[in-house]
Structure formats: C-alpha cells, structure tokens
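Accompanying notes for the structure given below.
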Amino acid sequence: MTALEERLSDRVSELGLPQWAVDLLLIGGVVLATYALFIVIGIVFGVSTNLIVGQLQQITFFAAVYALAALALNLHWGYTGLFNIGVAGFMAVGAYTMGMLTAAPDGSPPGLGLPLIVGVVGGMIAASLVGFVAALPALRVRADYFAIVTLGLSEIIRRALLSRSLQEFEIAGYALGTGGGSGIRAPSTDVVADYLLYVGADRTGDPTTLGAVLFESAELLGIQPSIIRNGVYTLILIAFVVAFYVLLTRIAYSPFGRILKAIREDELAARSLGKDTNRTKIKVFMLGCALMGLAGILWQGSRTQISPNSFMPIVTFYIFVALIVGGSGSNTGSIVGGFAFAAFLYQGPRFLRTIVRALVDVRAPPTIYDAFVPLASGDPLPLLGYAIGSLDEIRYIFIGLVLIVLMIRRPDGLLGHRKEIAAATDLSRRPAATNGGETDE
Amino acid sequence: MSTGNVRGRLSDTTAQEMVGAVLLLGIAVLALDLVRLLVTGELSIARLGSYLWAGIVDSLYIGLAAIGLSMTYSILRFANFSHGDLITTGAFSGWTVAYLVGGIGVADLSSRLLLRANGGAQPGAVGMDVLAAPLAIVLGLVAAVIVTVLVALAIDRLVYRKLRDEDGIALLIASVGVALALRYLLAVFYTTDTRGVVAQAPSPGGVDLHQLTLVVSAVSLMLGIHLLLQYTKLGKSMRAMSDNKDLALITGIPTERVIFATWVIGAGLAGAAGYLIVLDRGQVSINLGWFLLLLIFAAVILGGIGSIYGAIAGSLVIGITINLSLVWIPSDMNEIAAFTLMIVVLIFRPDGLFSGVETA
Amino acid sequence: IGDGVGGGGDADAMVGVLQPVTGDLGNLGAPIRDAAILPGTQLEDSDFTIDIREEDTESQPDAGVSGAKALVNAGYPAITGAASSQVTITVAEDTLIPNQVVGISPASTAPTITNLEDDDFLFRTCPSDALQGEVMANVAYEERGLESAASFYLNNDYGQQLSDSFVTAFEELGGTVSNTVSFEAEQPSYTSALESALADDPDMMIVIGYPASGEQIFRDYYSDFDSGQTIMVTDGLRDGDLPGNVDNSMDNVVGTAPLAAGPEQDAFTELFQEEYGDDPGVFTAQAYDATAVNILASIAAGETDGPAIRDSLRDVANPDGEEVGPSNLEEAVQLVDDGESVNYQGASSSVNFDDNGDMQAVTYEIFQFGDGGVETVEEIDFEA
Amino acid sequence: MSDVDTESRPADGGEATAEPTSRSTDSSILEIRELEKHFGGITAVDGASFAVERGTITGLIGPNGAGKSTTFNCITGVHTPDAGSVVFDGDEITGREPHQIANRGLVRTFQIAREFPEMTVLENMMLAPKAQLGESLWRSVMPIARREVVEQEAVTRDRAWEMLEFFEIDHLAHEYAGNLSGGQRKLLDLARALLTEPEMLLLDEPMAGVNPSLEKKLLEHVHELQEQGYTFLLVEHDMDVIMNHCEHVIVMHQGSVLAEGTAEDIKADEAVVEAYLGGDV
Amino acid sequence: MGLLEVSDLDAGYGDLQILEGVDMTVDGGEYVTIVGPNGAGKSTVMKSIFGLTSYMGGSIEFDGAEISSSRPEDIIATGIGYVPQNDNVFASLSVKENLEMGAYILDDLPEDRLRGIYDRFPILEERKSQKAGTMSGGQQQMLAMGRALMLDPDLLMLDEPSAGLAPDLVDDMFDRIDEINDDGTAILLVEQNAKEALRRCDRGYVLVQGRNRYVDSGDALLADEQVRQDFLGG
C-alpha cells in the first residue's frame, strides 16, 4: 500500500505537471486502484453486482465524510498546529443546530421548522461561534493541554446534548430541544438527492429524466434504487470535498497560510514580526470549526435522526487516523487519507465479513473459548466464525495498530512529508535585475 | 504550537488572580448555600454525608489511577491516553484470577477463564465477596497489579521506547492507538458485554465491606508509594528526570531504569484501581477505564502534573465535585461540572491548583 | 440460511432480521433474534426458498441504521425489527419508509409508533405502552395501595413514553409522583441518579430500562438504597438472569410485560425448545409471528417488493380465511402460494393488524423474580 | 507626557517608509521612563529610564540578572510593565501587543535565533513584510481579489531575494531554516527583521555564542545599516563589541540605570567597574 | 598514553554524520581547549565522549579502557564530569538537591565533597535551598560546575561555561577553572571566548566542519596568523 502510493506519486511527479494536476492524478489513481481491488475481490468470490456497487458507494460516502473532516482538521492541526481533539463536538454543534432549526415545530422535541438551507448555514455559524468561545481561552494553553481542553469541551457538548435538562426548552416563545438521549428528528440533508431524482422531490412520485435514466440502468444491472439514491448524495458530498479542497488550498498558498505555518512553528517569533497571531488563530479556528460543523451536518444530517452518541470521542480519533494516514499538513493527503481510512479500515472489513458469511455458513460461537475448543479437534470453522463475529473489535485493534505503526515508522503519513510552500507565487523565480546565479544551491 | 510565551505573558497579568478570586467567591457562595439548605432542611445531613462519602470513594480510585498518569506524564512527557485501558486491563486480569481461584469446583473453566463471557457462573453462585472468598479476592488484586505492570512494560518496549525522542504529540497519538488496540484485544477475548462479577457486598453493621476494602487498599497503596518515593533515591531521580531528561542522563541517573520504575508504579496503581473499582461497582466492562480517563486527566491537571500529592488532592476535588454538585444540578450534568472546572483551571492556573506543593 | 451475497430475486421470500444481539438489550435480544429466524429454519426443507439475513443493532440507533441500510441495499423488502422503540423509529424513518421496505417490530412498544407517518410500512406484533402504563398504575395503586411513586427511566422513546403513560395513569388514580429521573444506558454507576430519584422516599419506584443497565441499577440500588419499597419493572427488564447477575433475590420487584397468549402459543414454545433447548423469553413469540407473517405476505404478494408485501400483510394476518399458525407453517405457505386466503393465528396473539399496524388484542402479565427465573403471577387481557 | 512628545517627535512624522535613509537623526527615537517589572517577589526592573538617539548604535550592558532582557521584553510587549512608560517615535506604546509594536517600526531579534524551522529561508523572509494584502483571509480566497495578492507576492519575493543577497545567504534560499547553522540563523533573523522595514532594531546578545569571524561580519552589516539610517539598541556582554562599536552605552544594575555615556566614560566610571567590569563577586 | 584518548572518531545524530575522524588527547592534569566556528562539532565531541550521540566508528579510551559503548552512568563512574552548554541545572530542584544529584551513582552522599564544593563556591551554600532555576546565569554555571565536581572527576568537560556571563564573571569563571585544574583535575574546555581560553590552556584544538584543523599549544595557536584571521576574528 505504502510502496504502491509512493511509486505512484513518484511516477506522477515525473510528468512535470502543475501541483494541482499531480494531486488530482494521485487522488484519482488511489481511488481507482482501490475500486479495482474491491471489484476484483467481489468478482472472485462471486458477489453480486448490487452488493459490490453498494459497497463502493458506502466506501465513497465515508471517504467523502472523513475527507471533509480531515481537511478541516488539517487547517487546525496540519497548518496552524492547533491540536484539536474535540472535532466530534464541533460536528455535533453543527448537526444539532441544523436539527433544531429545521425540525418540525410539533415534533418531539420541537424545532423551528425552518428551511434546510437555513439550518445548514445556521449550523455552520453555530459551530464557528462555539469555536470562537472555545478559542478565546483555549488558545492560551500548551499544545497537550489544548488537546485535553478540546476533548473536554467535546464531551461537555455531548453530555449537555444528552442531558434531560436541555431536552426541551423555550426561547422567546419558541419551543426547542435537543431531545436528550433520543436525539432529534429533522429533515435529512440527503433530500437534495431527491430533488435531482424525483419530480418535486416526491419519492413516491415520478422520477425526473435523470432519475429515470439512472433507475433504469440500475434495474438492468440489478442494483437497488436505494443505492442510486445514496450514490447521488455521495456525489454531492464529493462536490463539497472539492469545494473544501479549493478553499483550503487557496489558504495554504497565500500569505495568510504563511502566517498559519509561522504560528505552528514559533508563535512568539511571528508576533515579533508584527503578525497578529491571536486574531489569526481565532479566525482560522472559527473557520475550521465551521467546516467541521458542515461536515457533521452533511454526515449525521443525512440521517433523519441526530443522536448524541454519534459524536463520541472515537469519531475524532477516526478523523485523526484519516489525517495522519494521509500526512498532516497536506490537503491532498487529507483526501487520500480519508479515502484510505474509509476503504481499508472502516468499510473494507465489513465487505470481507459479508463475503465470508456468504461463503461459509458458520454461526459465531458465544465465546472465544468455545471457538478454541473445537480447534483442538481440528475444526477451525468456529474460530473463523468467532473472528468474523468479532470483526468490529478486530477492526478497532487494527486501527490502533495502524496509528502506532504510523507514528513509529511514518509519522509524516503515507504521502510522506509534503512541505507545501506557502506563497501565492512561484518562489523559485529570482528577480532578473540582481546578480543572480543559480536559483538552486 | 508554542504558546509558552503567551502563557508567560498571561502570568504577568492579574487575570489569574482575578479568576482565582471569582472561583473562590463562587465556592464561598456555594458553601453558604449549602449551609442554608442544611438549615432549612432541604438537604438532610445524611444525604450530604452520603454525597461526601461517595465523593471520597470516587476520589480514591480516581486518585490511584491519577498518580500513575501524573508520573508517566511528567517523566515520559506525554499525555498517555492508554492509561484508562491499563485500568481496564487490571480489572479483567485481576477478576479472571479471582474467578479462577474462587470458582474452583463451582463453575466451569470457560466461565471462569473468560469472566462469564457466556453468561454462566453468576457471581453469587461463585461466592465472589470478601468474606466468602478472601483468598481469591486478594490473589486477584495481586494479579491485577502484576499483569497490568507486565502489559505496560511490554507496551513501553514495543511502542513508547521507539518514540523516546519524539515530541509529546506523537506519543499522545501513539497512545491513542495503544488504547484502541489494548481495549479491543480485551474485547476479543472477553466480549464487549458488561457483566457483574462481584457478589453482593457483605455489610455487617451497615458497613459495606467491599467499599471498606477499596478504601483501605487505596489508602495503603498511596501511603506505600509515598514512603517509597520519600525514602529512596527513586523519588528524587524521578523529579530530576521530569525536570530535565538530558541532564539526568549526564548526571548518571539510569533513565531507562527510572522509566521502568515509573511504569511499574504507574501501571501497578492503575491495575489496582481497575480491580478495586470493580470490587465496589460490581460490574466489569471494556470501557471501564476509557470512560474514566477524562476525569483522571482532570484530577491530574487540577493537582499539577508531576506532583503525587497534587494528583491525590486533584482527585479529591473531582470526586467531591461530581458528587456534591448533585445538590444543585441534575445528575446527568455532574461530569460537565467536573470538566468545566478542569478547563477553567487549565486556563488560569496551567500548573495546577496545588502547584508549589512539594512532591516526594 | 440465507446467502447474503445474492442480489435477491431468486428467493420466494426475503426477510431481514434486525435485532439487538449485543449491547444493552443483548440478553433479551438474542432469544428474540433466535425466534425471528425460526420460521426460516422451519421452512428450510420445504419447496420454498426463504432468504433470511441477520443484522445486529447493538441496541443503538446508529448501528441499527447501518444494519438496515445493509439489508435494504441487499434488496430485502421486509424486515423483522427492530426491538428497542428508539431504534425502530429511527430505522423506519431513516431507511425503511424512504426505501419502501416493510418493518414489523416484535418488541417496540412506544405509543408514538402508532401514529408515525409511515405510509403504512411499519407494523408491530406487540402492544403499545399506552396500555402498559395503565396496567402498571392499576397494579400499584389499586392492587397494592401504593400512593407515591418515583419514575426512573431510560432516556429514549421507550422509557420516556412509558414513564409518561404511567405517570398520567397513576396521577389520574390519585397517586403522586415525586420524581421522574431519566438515565443513560450502560453508565458505570447510577448511584447519583438513584439518589435524586429516591430523594423523597416514595412508596414505590418504577424502573424502565434494559437488562445491561438494569443490572448496574439494581446493584447500586441494593448496595445503597434498599429500604424495602416496591420496585416495579417493565418488559425491558424481564430477564430471568437478572437476580443472579445482580446477586440479589430481588423479592421487592414486581413487573409487567406483554404476554404471549396467542392461539398457537404452545406450538411455538415446543418449536423453540426443540431448536434451542431453552424456554422462549419476552417478545420471542412476537418475533416469530413477525417473521412468519412477513414470509406469508411475501409469498402472497408474489414478488419481493416492499409495497406489495405491505398490501398483502393484512390479507394473510387478519380474519377471513383458513386459520394457520406456527404448527402448520409449511402448509400455510403452500396455501398462500396457491392463492388461498389465510388468517394467521400467532404464538403471541391472533395477530390482527389495525389501520395503524398495531395489534388489536393483547394480554399482559404481572411477573416476579423467583428461583427458576421469571414467574407469571397474573394475566390481564385487553381488547382495544 | 506632552514634553516627551515634543521632544521625540521626529521631523518627518515618523511614518514607516521604504526609504530608511530619509530619517532624521537628531532626536531620541525611544524613550523609557521609570519602567518597573516584578515577578512575584523579584523585582526585575526597578525604575529604569533611558533614551536612545535616532540613528545610533546604543549598547545596553549590565551584570547577569540586571534586568536587561526583561527591559527588552517590556519594550516589545512580551511583558506588560507594572509601571512606567515606553515612548517610541512619539507614540506611547506601553503595554501594547508585540505585533502592534513591531508594526509600529520597533522590531527585535532574539538571543537564541527563532527561525521557522519547517519553512524555507525564503518563506521565512516572505513572512516579514508588513501589511501584506494576502494576510487577509478573504483576499486570499476570493477569486478576483486574489489577483492583487499574487501581484504583490511577486514584489515581496523580489525584495526577499535582495535582502538575502545583502546578507550573502541567498544560496540557502530554498533550504529549510531548521537546517541552518547557528550563525546562519542569526543572519536570517536579522535579515528577516529588516524586511519588516523597521525604524529601530533591538538585538538581544546578537554575538553570544557566535564565532569571532562571523561576529565581525555581522558587525559590518550593522554599521552599514546604521549608515542607511537604522537605529540599534543591543544587549551584549562582549566588551570589545560595546567599546568599539557603540556610540552610546547604558549600564543597568539591579533593575535601574547605573550609568550612561560614551564607551570611554563608562570604562572610566568607577561604579560600573565595581558592578560589572571587574572587581570580585 | 593520555588520560583521554579519542582517535579517528566518527559520530553524529541519527544518520547524520557530524564528526569525521576526530583525534583528541587529554593527559592527566592537562588543560585542553577546543575552539572553532559555530556548528563545527565542538559540543558534539563532548556529547560523543559521553555516549549521547550516534557512534559511527573510531575509539574513545579513558584511563586505558574503551568507553565508546558505555552508558552515561558508567562513564561518570570512570571519572569524567561534564557540564553541558545550556540547560545545565535541574531548574525545579534546590541547589543542594542539584549537588546531590551529582553524586547519584554513589550510595551515600559524600559529605566531605559537598563541603569542598561549598568552600569553593560559597554562594552555593548560601543559597542551598533556593530553586536552581531562579538563580542568575552566573550562579547557575557555578552550580553546574559544582555538580560535576561532586564525584571528584579526573577529567572535567566544560561546554562554553562563559557564554552569556557578564565580563567580571567571565574572568572569575576562568579563574575557577584554573583553580580546579591546579588541584589536579584535567580540563577539556570548549569556548567561543577563544582568545582567553587559548591564553590559559596547555593545548588547543581547532575544529572545523567536524574535522581536526590545528593542534598546538595555546600560545602557538594564538600566535598563528592564519588561526587569528580565520577563527579568532583577527
């Protein structure tokens, strides 16, 4: 995997293309290679087209989600050095605000019943405001304390959302609520897919021209309509990934991005050169939080129910794994990392489980003891069954090991350390007027 | 991020003192309110007493774990996110041994070995209480300490030693990986089910013997550590190392051996804490330590990293806060209060509430 | 049983089983799951191909939605599930209804399910807690003369609504409810929450929750608060292992739960014991019935298509037609396939769906914990 | 404070300009009055007052712990003084933030050079210029506004190259700053500070730990810059540097100014000799 | 055969080689100075002798025994004391505790050594319970030196002890070093205050880019025009 990507990036960089084209090729290459791998595995084991396509759709969905969050986190940690491990909390603020703004006023808990777009924008604003409140004090502490403060904050947010005290309350005559442990039910963001697929976004009604074409070709291939619908929403997410990428890359290659890097490297030195680092940090923290909020909205908001336990700290660590796999400090890396995480660590194992379950008919024995005892008499199936049954746990172990090995062997991520030069112009060009000489040492 | 200097700047202003004053004022108001509630009878003395006792019990096991976390934090210079799972390791390994010993002849091997992962061998049937199986319970505690120490040393050898020269953030991330791997390795064996493994506590004369065991064990362990660090060179060399590792090396302090000792003490206490928590609560679960971790961090930070007495004092504050706060706030907000307290202290007294108190 | 890799189409009926095998409800969910796949086992040697695939909800909405998505994407048009009302509502709104997949829950008792906007895709074979709350209040106030109560309930659709329903009924009868305190699932300690629930020393406390949390709740209760008052539990804690796991005889606990009292209950019990060597537990009969009618409706519809199954569900379950049930499921399938009209008479009840997809007649039991597990002490019939 | 204002108001208004040579050199540019700074029980600076003449190289010396670095930190906003005032180029800057002071034209270097190690030397340099358009988040991101940013970047880049050439480290432009040797870092630090177009530079022990040969080169640069009109205030323990290169010397002792004058005066001052230059500890 | 015998030493950090074939000898009781430009590898030589760098080849003998693969705690025991360039006191420990740390490898605190050090640096006794981090720069240098002397080493290595010190303290520092040397302890000194150091020492090495450039008596180096020009600032 590592070697593959490395060779890929070497090969690509030989072509002498501009950086963005190289990056695009790199991302595309990785994605296509992974798709091919899964398709081959699927075909070899006789998996139906429907399931393969369904899996690829799921992988892509999660890849997009994790890429979005990893990109936002990269702005905080990779560029500015703000070690924020409260990402889940900011995602929760975004998703919940959207939920509270858009939920039906007669629901339980009630919401304001505002249009979806208001909810999305409101969610981003709320996330960035919480970011602002958090930033003011939190930015004053050391990096490892900052980590603990942000983690504590995300837990405070989650517990507050869980608490029955906020389950339903009233502001200025409007009833609102978080719904406590049951969460909040609100229109899901994936209705945008319906607008593309059905006339008047009515799922029981007629499909649009696009919808008709898609559904008919899906029918031919034996693919469920639900996959098509999710697929269309996934494409919308990808559009957001592109937007995030463009935005963040522009920031990275600008004097503003240069200040961010300087803050990461030595804040006092940056201040002494006249840079208002506090303002910059607050700005970029708020921006990152807004993006995290949006990622939370696009992800959790695509379900009809938003519940507090979707925002456990583990979510933040998933995002960190994605970012570290790709290499922090690199936007391309964030996307590749998000994809690699979704494909190989998050969804991939589930695909394997589906295949194994289909091939061998074993019930998981209740304990590992019951799995080992038959092994002594030469029957490995129960153990296999147990392993498949414990796949979720094994997957966590695997994620943990990946983190450890990455920190020991490749702390800079799979793409290696990509020190992108923060400037809006080509720095290697030297002014002609001076005595010049070679630009390279 | 290097905000050390910004902090320095902050420490010049009086913001610290101001917030300190506000905090003190708040505490005073709450104390007055407490008196009012007591006088008006809205809060019975008995209830207040039970809050305080629960707070002390909580703070004792948080404290045991916090000492270890504080030591590794100051000597190895990273926030160890796998500390919680060392606690869990202690809980599972210790109770497995207790079950193995106590359940001989009563329960089948698989239930004992995997701590009832199959639902069999209920604790009452096995007689898992301090009066029915005192030997098993004590052996379990010893095993919890030993196994946790061995696990921690193995992890240090395999992971942290390779990262000695890296910065704290790299180690922190690696420790998150360790936490996940360790916890779910346990889960593969023991399953993710929460289950009771301790019989109902015998309570002659209304004294809960399990709670008493916890209190006695925890206090003696803390005392033991205090004596160890006070009267051996170990304590001083630990302080020297947490102060300046390179210089410690040059001075001839065998740093690897100090690190070894740190893990032995830190992990041993964590293991004991895990075991004792289960003795008190009765149930064991894979998330036992992980869910406690943030509270333990809060205690360590309140007390000031590196100070053992600070860790204990911080644990007291946290333990009392999460229990006594119930007088004013609903029980599902009590941890919010504890975390908020932690954040406030971090921001305005980054060196902890009890910094300046000498460590052993 | 099923082949999870297939694209669907080649089976006569495809039913997804979405139940909590792990998590808070794991102790109850595993037998429910077992019962839900039993019709498939029963029909294994028949001429029909029945494709049943299981997914675990882990007792949580998130995992439930993932499981449901997997089933829907794999083409399963009908689902037996979920158990927890919270999970069922989430799964239905998020996945089943939008994708026009039928869901029959064997255990989700929350009242709001009745009026959920579900395009008639969501059914259940268990009763609504609107009734259970009344039963509880009656038992407590009228039968036992308990006048003050505290409610300690799981913070989800089931707990909130059942607690509300109890409180309303209890207060209507003249009782007072001092404290209602909600709790979160699987917390390490409930001491402080119990402290606030029991603050006013009520005559009784109702505890609405699931077994894993319940174990810790009762451990904490017996170690710090036991003063002999009556504790009343509900279907969620009808777990025979509870006293042993808590290590207390739990003599002061009384419970209510929907009872399986269908015409063919005995036939089901026999089937279950034969297959699993264990007595069926709470909601297992309902689970069997749910899968059975799902299969019958699929075959009646003639295609593995959600709306078609929905439309034939009442045909196979409600009166008029040959009476069939667990004892002759294979025959029933054959009859339906031949186009005959049948009336499924279930293990849990006679399984007649009303307009909302709810049961029309149900029975409750009052139970206590005894040496052999759960003992039914009284049966109460309701007819809506 | 009005007297201070009139005293120090420069003829040309003190506006930061790209043309340092045009500055007047006839009045004091920096004036410290009764500065005090305490850390807990320790009094680091205890009523220090002095002024620095425009266009000079002024030395600040004193025993260890005399409060020199603390004074620097108070002037540049790293610390907020407990009492007293700092007036720079006619503006009261007491208690302002470091970046505000730097933008006002008073820039410092550090005793141990603080480079941005994972940025190239050229990136390090390009960070320095004041008020870059692209430092605004919106301008960097917005499609049309960004064009101006790109144009300005080219100008900034060319100026950075020039400065690197002046300090003869242009061959290192694409090297990561973290890979430079100690001396090269000091050069980079100084070059970067100059690119902010300051009026005055505060150098904290610029020659400490610097090899004598490199020291000579650095001093040559300082003199060249002085001729261009820059003002320097430097803390230094190396008496050769102080005696041979500073027009004016200020001696601090226990937080306040013990003596002031030309190098010759200082050398002859008995109190100074007693406290600093010789005698016994 | 000298007390310290470094021959053909290669060493560096990680994979990065800094020293290439460095030779260096210090005889018993001798006073040797190393000078050279910044980054020449002077500190690296000292760290290498103490086993704190990546060893890449060559030999380091002390008192006839090879120590290139020994651990720092063992090297200390053979009789080498080392005062590193900066960060050389335990800031949060008291002065007395710092000194005790110097004798860490002994089972008991050598009271007479402590006495001797207090006699040599009276300020340390005066401030014995003050936190080392709050002492002035010059005082900290003395404390560091005192700590290194706790084991009565045969060789004392000092890395730029005069850096950042006020002129009067610089003179004082050099005098102290002379005194220690007069008592029979060999000195290996790295200094940027090169002229002063060369004036006082028996022998000097000039190190450039990780290699030996010149070796000669201190006075001879001071007199050498080339050396003056290139390394002593004329």
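Brief remarks on what is shown
For clarity, chains are labelled A, B, C, D and E in written order, and residue numbers in each chain start from 1.
In this text, contacts are C-beta pairs under 8 Å (C-beta built on N, C-alpha and C of every residue); 3 or more make two chains touch, one makes a residue touch a chain.
Everything quoted here is computed from the prediction, not taken from an experiment.
Of the two chain pairs shown, B-E and A-B, the one joined by more C-beta contacts is A-B. The most distant chain from subunit D, with centres taken as the mean of CA atoms, is C. Averaged C-alpha coordinates put the centre of subunit A at 33 Å from the centre of subunit B.
Subunit B and subunit C have centres, each the mean of its CA atoms, that are 40 Å apart. Separating the centre of subunit C from that of subunit D, both taken as means of CA atoms, is a distance of 77 Å.
Note on chain placement: the centre of subunit A and the centre of subunit C lie 36 Å apart, centres being C-alpha means. Residue positions 162, 164, 264-266, 268, 278 of subunit A each touch two or more of the other chains. Each of residues 182, 184 in subunit C touches at least two other chains.
Contact of a single residue of subunit E with at least two other chains is seen at no position.
Within the complex formed with subunit E, the subunit D residues making contact are 42, 61-65, 111, 181-183, 205, 208-216, 237, 239, 276-281. Subunit A makes touch with subunit D in their complex at residues 247, 250-251, 254-259, 261-262, 264-266, 268-278, 283-284, 287, 419, 421-425, 427-431, 434-435, 437, 439-441. Across the interface of their complex, subunit B is touched by residues 22, 26-27, 181-184, 186, 188-189, 191-193, 195-196, 199, 212, 215-216, 219-220, 222-224, 241, 244-248 of subunit C. Chain contact summary for the complex, subunit A toward subunit C: residues 45-51, 54, 58, 108, 162, 164, 180-183, 185, 188, 203-204, 222, 224-227, 229-230, 303-305, 307, 309-310, 354-355, 357-358, 361.
Touching subunit B in their complex are the following residues of subunit E: 50, 52, 71-73, 76-77, 82, 84, 87-93, 97, 100-102, 104-105, 147.
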